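So that you can tell them apart, the chains are marked A, B, C, D and E in the order they are listed, and the count of residues begins at 1 in each.
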Amino acid sequence: MKKLIATTALCAALPMGAFAQDKPDSLKVGMTTFLTGPASVFGVPARDAMDIMVQNLNDEGGINGVPVEVSYIDEGAGAEALTSEFRRAVEQGGAEVMFASISSGNCQTLAPLAEDLEVINFMWDCGTQRIFEEADYDYVFRTQANATPEMLAAVIYLLKTQPDFETLAVVNQDYAWGRDSWDIFRTALMQFKPDVEIVGEFFPAFGAPDYSTEISRLQALQPDVVLSTSWGGDLDTFVQQASQRGLMNNSTFVLPLAESSLERLGSALPPGQIVGARGDHYFLHPERRDDEDFKSFMSQYEDQTGNITVYSVFHASQALAALEAAYTKAIEENGVEWPSQEQVLAAMDGLEFQGLGRPVTIREDNQGIEAQLMGTSAQNGDYPFATLENIMIFDGAELTAPVGEVSTDWIETLGPEFVDEIEPTTFEN
Amino acid sequence: MTEPLLETRDLVIRFGGVTAADHVSLKIEAGRNLAIIGPNGAGKTTFLNICSGWIKPSAGSVHFEGEDITRLPPRKIVTRGVARAFQIPQLFTEHTALENLLIAASARDGLRNPLRSMHGIDARDEMMHLLDMVNCADVADRVVVELSEGERKLIDIAVALALKPRLLLMDEPTSGVASSQKDEIMEILIKALSEANVTSVFVEHDMSIVQTYADEVAVWNAGNVQLRGTPSEVLEHPDVIRDVIGEEIA
Amino acid sequence: MSSVTTTAPATGSSPAALSLLWIAGVVLLAAVPFLAPNLQLLVNFALAKGLAVVGVTVLLRAGQVSFGHALFFGISAYIGAFVMASVPGMDFFGILIAGTLGAALAGLVVGLFVVRYRGIFFGMLNLAFSMIFWSILEKFYHITGGADGIRLTRPTVLGMELGRDAFELFLYYTAIVLVVGLGWFTIRWFASPVGQLFQTIKTNETRLEYLGISPRRAMLSGYLLSAALCGVGGILMATAQGVVTPEYVWWVRSAEMVFIAVLGGAGSVRGAFLGALIYEFVRTYASAYAGDVWQMLLGAFLLVIILFAPGGIIGIFERVFARGKGTS
Amino acid sequence: MMLSFKDVSASIGIIPILRGLDVEIPQSQTVAMIGRNGAGKTTFLRTIMGFTRTTGEIRFDGKRIDTLHPPKRPGLGIGYAPEDRRLFSAFTVEENILLPAQAAGLDQAETQKRLDRAYEILPELREMAGRPGGQVSGGQGKMVALARALMLGRKLVLLDEPFQGLAPALAQRYSEALRALRDSDRSVTLIITESNPALLRGFADRTLVIERGEIAEGAPQTEGESA
Amino acid sequence: MNLTTFLLALFDGVSYAALVFIVALGLTLIFGVMRILNVAHGSLYAIGAYATVSLVGWVLALGAAPILAFPLMIVSAILVGVLIGGPVEYLLLRRIYDKPEVLQLLVTFAVFMILEDVQRLVWGTQPYFEAQALRALGNVTVFGVTYTVYQLILLPLVALTLLVGLRFFLRRTVTGKLITATTEDREAAQSIGIDADRVFLLTFVMGAILAGLGGALASPTTSILPGMGADMIVLSFAVVATAGLGQIEGAAIAALMIGMGRSFAIYIWPEVAVLVPYLIMVLVLLVRPEGLFGSPAARKI
């Protein structure tokens, strides 16, 4: 890769150099994902989906005849192994583009590394809004939304469906995501409905095996709404324990990441709880579920894994779609057989692509604009687990902090009327 | 009247219900080697343990050269000039015999340069001499675990001597040494002690050793000094013959 | 306790030929950026970890095992991160010194408590201290960044701003210099009177006391050294990696250090580095090529070493070398 | 022969303690084993029990035992009272005495029979049967250890320095118990180690002197012989 | 904090302590008898949970009554003890009893690493959940707060039964007495004919069964996922060290202290809840180096 960069740089220096790219044998991509550890609930489905989608893409001739080849790096092996492997993939493995990563912490580590290595990096799943708000990047892009629209969608959905609640408690995992997402949610809630009383804030340890004490306290506090942005085994445990002890009889749960737990939770998730998906990601996406492509992928995925999709599958599809779109656009715009890195980078500006959800566009600060889907759980017997009804899909552009603004500052400029100004597309189910 | 080197005043120690020392007042004069004899379990080792600070007495006090050392930990008592050799040798088993002595010498001389190798220290010749004195020069470079019980005993004493004490407490110095060597060892030991101006107190079961090498003998029985005197006075005393010596040496 | 776990105290010098071999090894390491540039970062991590492992090795020499030494590794790394964050443009040597001093200070504070304990309790108490620090790192998210940790920007080097490649090269050679220097220092320290007294804790504290030395103070001297060594390792790791996370302090990290120390040859300084290099290679390549079973491979590797080669890799190495010399 | 050693060497760690011993001890003999501290007396007994690294051949009652798993040896009829009595403080005196029978899996009736015999020989133990093992004095502990050794020691009883640390009165009592044992069952073989030969005078049939790991036959000591 | 919340915190603390105690019990039993601190104990806990979930899921899928989950928990625990605990002791630990404790610890650490991957290979990385047993017992409402009978009543009851039962077993049964004797003095035990090797094997299997049982009992209340063992082992270390190594009743008290400390912290000062076990451990050990109930070993010279 070093050689490649050197070549690229040399080419760029020559007036005609930009046209001198040969078609490679394959387009090598490195993808970091959790194959081990708790977050493998997202990582493994994303990898499985990526394998299917890459196969499909290559079956149709790849990108301008060049097949895509993805190799995976385990984020679960720890930050040292991850950084060395990331570098190895770029410098030795010849990866032209990297997809990294799931963990926000890893994104924070790898984004500057990608910048230093001058390799194009798509942050394909991590949620932290800070990266582009704190620094400018030339090589790093995000092919999905960040935490701000994800949380705003949850707040607005809550206020639109249950405007009269008075008290709220939060039970989030004690790490960056749990804290950051609560910051955004609370800031927005205080702007939109200042009279809400926050009666409890709990941050049990990441991976906590038992929430009995928190649930006892919540039962004593009796909040109208309980928010939890937890995911994976933690969310499963919390919801199971809470539903078993009847906490949902009196409180409405807002679970912005529960789409990824629906199948595992089965009948444990009672109807009437608010569910989100970090984007418009749902295996019964109301706008997409009748599309042939969508349907065929869903059945392919279910055949291979035995499960329904979770949102990380959609994020993986968006990263791959962005790759395809960027290369195709660069090839068309420059009229070349294969684009140089500079041409691909140029193509990223304002790029629009569509994965399994609505189309996504890349903004000038490299942030993706992605729609948000929220719904309410229903146990209607179609599946052995909860499905969503009263679905709303929000336009991402309205909910994302404008370019150059810090999310929390921007949210503080909003008022209660913002909720009414937002008009999502609504679906019965 | 000169001040005694070591003096105990009304020393009492009880373990559970047993009184191992019962109001012991004992003076040890400089330059006179004192042997302590007595039946097993009479409290002889306990007495050495108290004098060296390992056990704190229930009542009473211990004075060394006039200073009250009763409450001092062993390491402080050592620096005052009281060294100790043990019935079961207490050595650094993974070090060689010579290293054991060198470590003792560096503990004595203080620790200055942290990067100066043990083997470069000035005390090396002095320590080899000590080993030679206790007949162990030939095993100087052998690791202690490989040595026989008798050799370890002698090295244990040499380590104590390396500290250049004024008083040396020894617990059965010749047990475990072959009988043929005992006299030879004691000969050397007593000579070395007097050369270095070290007074010794030793617990001993071998009456011929006591007879030959002690300047004074104290008979320990039932937690107190029953009798004290010169070896011939004490060893011929009928009570001592009955209670302590038995008919062994007869 | 038998002496199988530790090599005999290194009071004698290795045969000249063996020393030559070690020198050749160092030269080979120094050539890595040119011969195999892609290994440079990996080796750099291994050297940083190796320094921490030497810290653990120091304690093994006194027969003690700490299951919490990642604490000092992590403290130093976090101090480095905090200093970088609060003093922009801080120099590398500034954070190296700050981190090492911080680790040594923490070693003094923790050491004053733990030197009273031996064996399992010593190990457990160290574990408890490290877990307290770990919990604090996770919990006080607004200060420590929680599980995501803190990013370290690249420090300047003697006032110069270096690019990534130059900085990494600098860091790499600094690591080699530190490894050789501190390794030499530790070996010398073992042979010194203070080091010798410290090591006697393993075999006979009673005699130590009767030499007029406080076993606790002797223990503290080694504990301080071990904490400082972990500190240097931690700061090297933090700057090489560019991020510090609470995982630096997690108990499995501490166990891993003991693991490497025994793997390399418990009690041997050179073994610690050899072990760290091998461990880092096995771990990285196993996690890349046998992602599902890399832990299992390492575990099995450790079992084989303990059961069949208690002298560790260095033991095998020296035995083979001695045999080779005998026949030639 | 009840017990025979053929060229037996034993070591603790790497230190050799016994060197090429050849000894034969016939049934019902009482043997005093005399030697200084560290001479190898205790190791001799421990070698019979299987606690040392041993070479050579040891036979007990015609059966080779040096290759036998150590915990199986007491079951053959060997009782052992170690020097430092080593009672189990978690159990009462009686439970301590019963343990060997329970470990050997003896039935209730047999166990009771043996317990009664032990009490016959050491009647004072009946009174302290319910006391915790950790709360008996040193001398009483020696008695309990003897009784415990008798539970399985139907053929061979090994006593390591039984008189060490006993007050004169207790020592007297202890040797009476040993006499009672011999009188009640002449078939038992006894090996007693002692550093002070005077204490066994008039009791042992035979004296073995152990010095630096080697054994020499001592003078036979019979009752009434004076010093 | 009023009386009601005080009692609620108490209930939560007890139910949490019960589970921790069951796991710590096995750890302290093994240490007490064998002087080995088994790092792989946490893995056995996790595997007990996984095995239960698989077994219960399979049997219930055949249409069995949910109440059958309870005997299946015991079956899983025994399987863990016999199929994993047994071979680990027999093939590995037996070879290192005369080695320094560092090496013993590392052997169990190696086993821990291996078992972590075994879990992943067998059960994958997705969380499992199987709460039939918990649902079968229903709920109980105290002071307006709903608890599951399983957590509030069953778990403490099981813990208490195990505590009393193990006590009885060790003091009153022949096998128990042989174990107790071996614990106190291995060589003296061997010299009266106790086969210490068999005692060790039995003890380790029993300890492993207790670890497995802890996992089995935990399984209906939590998600079973990779890494759960690594967390549990540190917690039960803390309990065991606080109590004093090898102290069975002590472990019960220490587990209660840690459980209560944690639940009260959540009511009063949630930030420190995670710190509580380690703080308690450090504070106790600083004051009493041998743990609350351990006795100091006298040094003899």
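Just so it is clear, a contact is a pair of C-beta atoms (placed from the backbone, for glycine too) under 8 Å apart; a residue touches a chain by one contact, two chains touch by 3 or more.
Small disclaimer: the values here were computed from a predicted structure and weren't measured.
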Contact distance in steps, from subunit A to subunit E: 1
Most remote chain, CA-based centroid, reference being subunit E: B
Comparison of C-E and A-C by number of C-beta pairs in contact, larger one: C-E
Centroid-based (C-alpha) most distant chain relative to subunit D: A
Subunit A-subunit D separation of Cα centroids, rounded to whole Å: 78
Rounded Å distance, subunit D centre to subunit E centre (Cα mean): 42
Subunit B and subunit D: spacing of chain centres that average the CA atoms, whole Å: 33
Set of subunit E residues in contact with two or more other chains: 120, 271, 274, 301
Contacts with 2+ other chains: residues of subunit A: 35-36, 174, 203, 205
Per-residue multi-chain contacts in subunit B, two or more chains: 86, 90, 145
Residues on subunit E engaged by subunit C in the complex (per definition of touch): 37, 39, 92, 95-96, 98-103, 105-107, 109-114, 116-118, 120-121, 230, 234, 237-238, 241, 245, 271-272, 274-275, 278-279, 281-282, 285-286, 289-290, 299, 301
For the subunit C and subunit B complex, residues of the former touching the latter: 3, 6, 8-9, 11, 185, 188-189, 191-197, 199-200, 202-204, 206-207, 209-214
Parts of subunit A lying in touch with subunit C, wherever the complex brings them together: 35-36, 73-74, 77-81, 83-85, 87-88, 91-92, 103-105, 108-109, 112-113, 116-117, 174-176, 179, 203, 205-206
Subunit A-touching residues of subunit E, taken from the complex the two chains share: 4-5, 8-9, 11-13, 15-16, 19, 120, 124-127, 129, 131, 134-135, 139, 143-148, 151, 218, 221-228, 231-232, 262-263, 266-267, 270-271, 273-274
Contacting residues of subunit E [partner subunit D, same complex]: 171, 174, 177-178, 180-181, 183-185, 187-197
